[in-house]
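Structures follow.
Note that subunit A is present in both complexes that follow, paired respectively with subunit B and with subunit C.
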Partner chain A sequence: MEADRYHRALAELLMQLADDDLVVATRAGEWLGLAPHLEEDVAFSSIAQDEMGHAATYFGLLAAVQGGDRDDLAHLRPAMARRNSVMLERPNGPGTYREAPHFDWAYALARHFLYDMLERVRLDRVVQSAHRPLADAAAKIRREERYHTQHHAMWLRDIARSGPQYAGRLQLALDRAAADAADLASAGPMAVEMEALGLLPDASHLADDWRAHVVLALDPLGWSLPPLGGALNGRHGEHTQDLTRMLRDLGEVYRSSPGASW
Partner chain B sequence: MATEASQARAGEPVLGAYEVFAQTSERGAMEWQASLLAGSPAMALMLARENFLRRREIFDLWVVPREAIARAGGADEWFRLPKTYREVSDYQYLVGKWRQYHQQAMTPDTMA
Partner chain C sequence: MVAAAAPREPRARQVVAALAQVMDPEMPGVSIAALGMVHAVEVERDHVHITLLPTFVGCPALDVMRANVVSQVSRATGLVPDAIMVEYSAAVPWTSDRVAPSCHRALLSRGIAPPPPAADSIMTEMPHVACPWCGSADTVSEGVFGPTACRSLYYCRACRNPFEAMKPV
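And then the complex of A and B:
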């Protein structure tokens, strides 16, 4: 019974980590060829690649814990089985990366920044996880995440210095991202178990820590964290059609030939 | 004629050109790697890492605003002036001359 609870809480945590990274990597990857300038295009795409690598690591750990295939877990689970935050699944703006992509760079930055701050406070806990393989993987991942944080902090600082027209756009983007972020810094329905079993130490202060980090970064630049909203809770498997469409596109090739070795 | 994209409009954030240099080891020389566009020196450092040095281990990295570089220009005639007279090889003929004068100096006629 106790072992079952541990197993379920661990699987929930791994799904949150894996699904968050898979979804944020996919949305970031859709900027390939579309970022504001060539150098940033390469930089943002390589961040997307990092995030996808982290997702692959977490899916590998999940497969080891509950059986199954890492790629199946990434591609074949329906939207309602996913645990990512709803904020991460939203499109980058009007259109799609294949057709009329009128994407919003300010929104992409604001969203990725809010997620980065979560990764920071969450990884600080996960490196102390009682599940040793997860703690070890998180230590490696945290080294790369430092540079993602730098990237976003730099963009925010440069935008803040670019005048009220641009700073105002970024605040609007923060407002839009926050409108879906109520579930972002939540560890979901098994948060109590995760903390009690040492899987995610101090899970109960995750949201407060996240908010403190976000405010500390935004405040000196003149921005605020708007009230968080969102009727759906991704940690409970509640998602939008945006996620369904994204998963359909992302897994299209994988599903076209089940069992093929990539 | 300048295109619309190349004209800096008032109040618009401007990207500047930077030259990227990297040092492979502590005792190695700084070597030029590439050029890039960035909004600030800090951004240029970050973009240099992500664009050009992602797969390599390095010791240190510089980015230099292009306008900080004093440039001689490829049209400078000085670079193409003949310089062989600065090479030792340009003076090889003197060896023969010395030998010749030395031998002349040693003949009985000149040894009064």
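And then the complex of A and C:
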């Protein structure tokens, strides 16, 4: 029984980590060719590539724990089996990357910043995880993440200096992102087990720590973190049609030839 | 287990020599051994097990490097490719401090500034690096992200050339 509980809590944690990164990487990747300027195109695509690499690592760990293939886990699970936060699955703005992408850079930036702060406080815990392969991977991943944090901090600083018109747009973007973020800093239905079993130490303070980091970054620049909202809880497998559509597009080629070696 | 640095057994020596010939596909002339990516080499009678450390876990060149390791080691040892196992591991995180001094020179000669020492704290600013072309310290960071995951962009105000630097990680 105890082993079963450990196994289930570990799988839940790995799914949260893997699904968050897969989804945020996909949304970030949709900016390729559309970012505000060429250097940002390179930067945001690099960040997307990093996040996808992290997702692949977590899916590999999940496959090792529960069996199966990491690509199958990434591409073939239905939306209701996913554990990512709802905020991360939202489109970048009106349109799609293939058709009339009238994306909202402020929104993409605000959302990725909020996620970055979560990654920071979550990875600080995961590096101490009782599951050694996960702790090792997290130590590596945390070293890469600081460049994402730095990049977003640079953007926020620049926007804050650019005058009220732009600063106001960023606050609106933060409001929109926060409206879906109630589940973001949650470790889900097995949070208590994750903490008790040492898989995610101090899971109970994850949300408080996240909020403190967000406020610390936003406050000096004149922005605030609005109340969090969201009727759906991604950690429970509740998702929007946006995720269903994303997974359909993302896995289209993979599903076209099951078992093919890529 | 044979440490990658000081192999005594002939086949282990062949393997280590072969690894010094496997170049980073995105930095020709810079070997994966000099980059500090080789973690361990285990030589058995009929197979070789090589553990590599990825510089960045999402680096798209990892599979290319794996294939190149297999072909180089196969050629050097006479073992069939199937007998050469290459594994990426996170057991020890790769850091830019593993890049060998000889590799620093190779990078400089290709216009890439070598990585400054990696700090464990969260950085708030990009580190200051000297221009690989003219040596001037009058450089500015132009962007954290460059053409590959492990490099960032700089500009030298003295010789007015853009250049790349390996990120401290």
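In this text, the second predicted complex is superposed on the first by the 262 of 262 C-alpha atoms of A that agree within 3 Å, B and C clash if a C-alpha of one lies under 4 Å from a C-alpha of the other, contacts with A are read in each partner's own complex, and residues count from 1 in each chain.
In this text, a contact is a pair of C-beta atoms (placed from the backbone, for glycine too) under 8 Å apart; a residue touches a chain by one contact, two chains touch by 3 or more.
This is a predicted model, so every value here is computed, not measured.
Chemist: For the combined arrangement obtained by superposing on subunit A, do subunit B and subunit C clash, or do they fit?
Modeler: Because the two structures are overlaid on the shared chain, the partners are seen to clash.
Chemist: Touch test for A:Glu51: subunit B only (first), subunit C only (second), both, or neither?
Modeler: Second partner only.
Chemist: According to the stated criteria, A:Gln150 is in contact with first (subunit B), second (subunit C), both, or neither; which is it?
Modeler: After superposing on A, A:Gln150 lies in contact with both subunit B and subunit C.
Chemist: Any idea whether subunit B or subunit C touches more of subunit A?
Modeler: C
Chemist: Looking at the overlay, what does A:Glu12 touch: subunit B (first), subunit C (second), both, or neither?
Modeler: So A:Glu12 meets neither subunit B nor subunit C here.
Chemist: Thinking of the overlay built on chain A, is A:Asp183 touched by subunit B (first), by subunit C (second), by both, or by neither?
Modeler: In the superposition, A:Asp183 contacts neither subunit B nor subunit C.
Chemist: Tell me which partner A:Tyr166 touches in the superposition: subunit B (first), subunit C (second), both or neither.
Modeler: After superposing on A, A:Tyr166 lies in contact with subunit B but is clear of subunit C.
Chemist: Can A:Asp158 be said to touch subunit B (first), subunit C (second), both, or neither?
Modeler: first
Chemist: Could you look at A:Val42 and tell me whether it touches subunit B, subunit C, both or neither (first, second, both, neither)?
Modeler: both
Chemist: Do subunit B and subunit C land on any of the same subunit A residues, and which?
Modeler: Shared contact residues on subunit A (touching subunit B in one complex, subunit C in the other): 39, 42-43, 46-47, 147, 150-151, 154.
Chemist: Would you pull the subunit A residues touching subunit C in the complex into a rising list?
Modeler: Subunit A reaches subunit C through residues 39, 42-43, 46-47, 49-54, 56-57, 120, 133, 136-137, 139-141, 143-144, 146-147, 149-151, 153-154.
Chemist: With touch defined as at the start, can you tell me which subunit B residues reach subunit A in the complex?
Modeler: 11, 13, 15, 36-40, 42-43, 46-47, 49-51, 54
Chemist: For subunit A, which residues are in contact with subunit B within the complex?
Modeler: 37-40, 42-43, 46-47, 147, 150-151, 154-155, 157-158, 162-163, 165-166
Chemist: In the complex, go through subunit C and note every residue touching subunit A.
Modeler: 54, 56-60, 90-91, 93-95, 118, 122-126, 142-147, 149, 153, 167, 169
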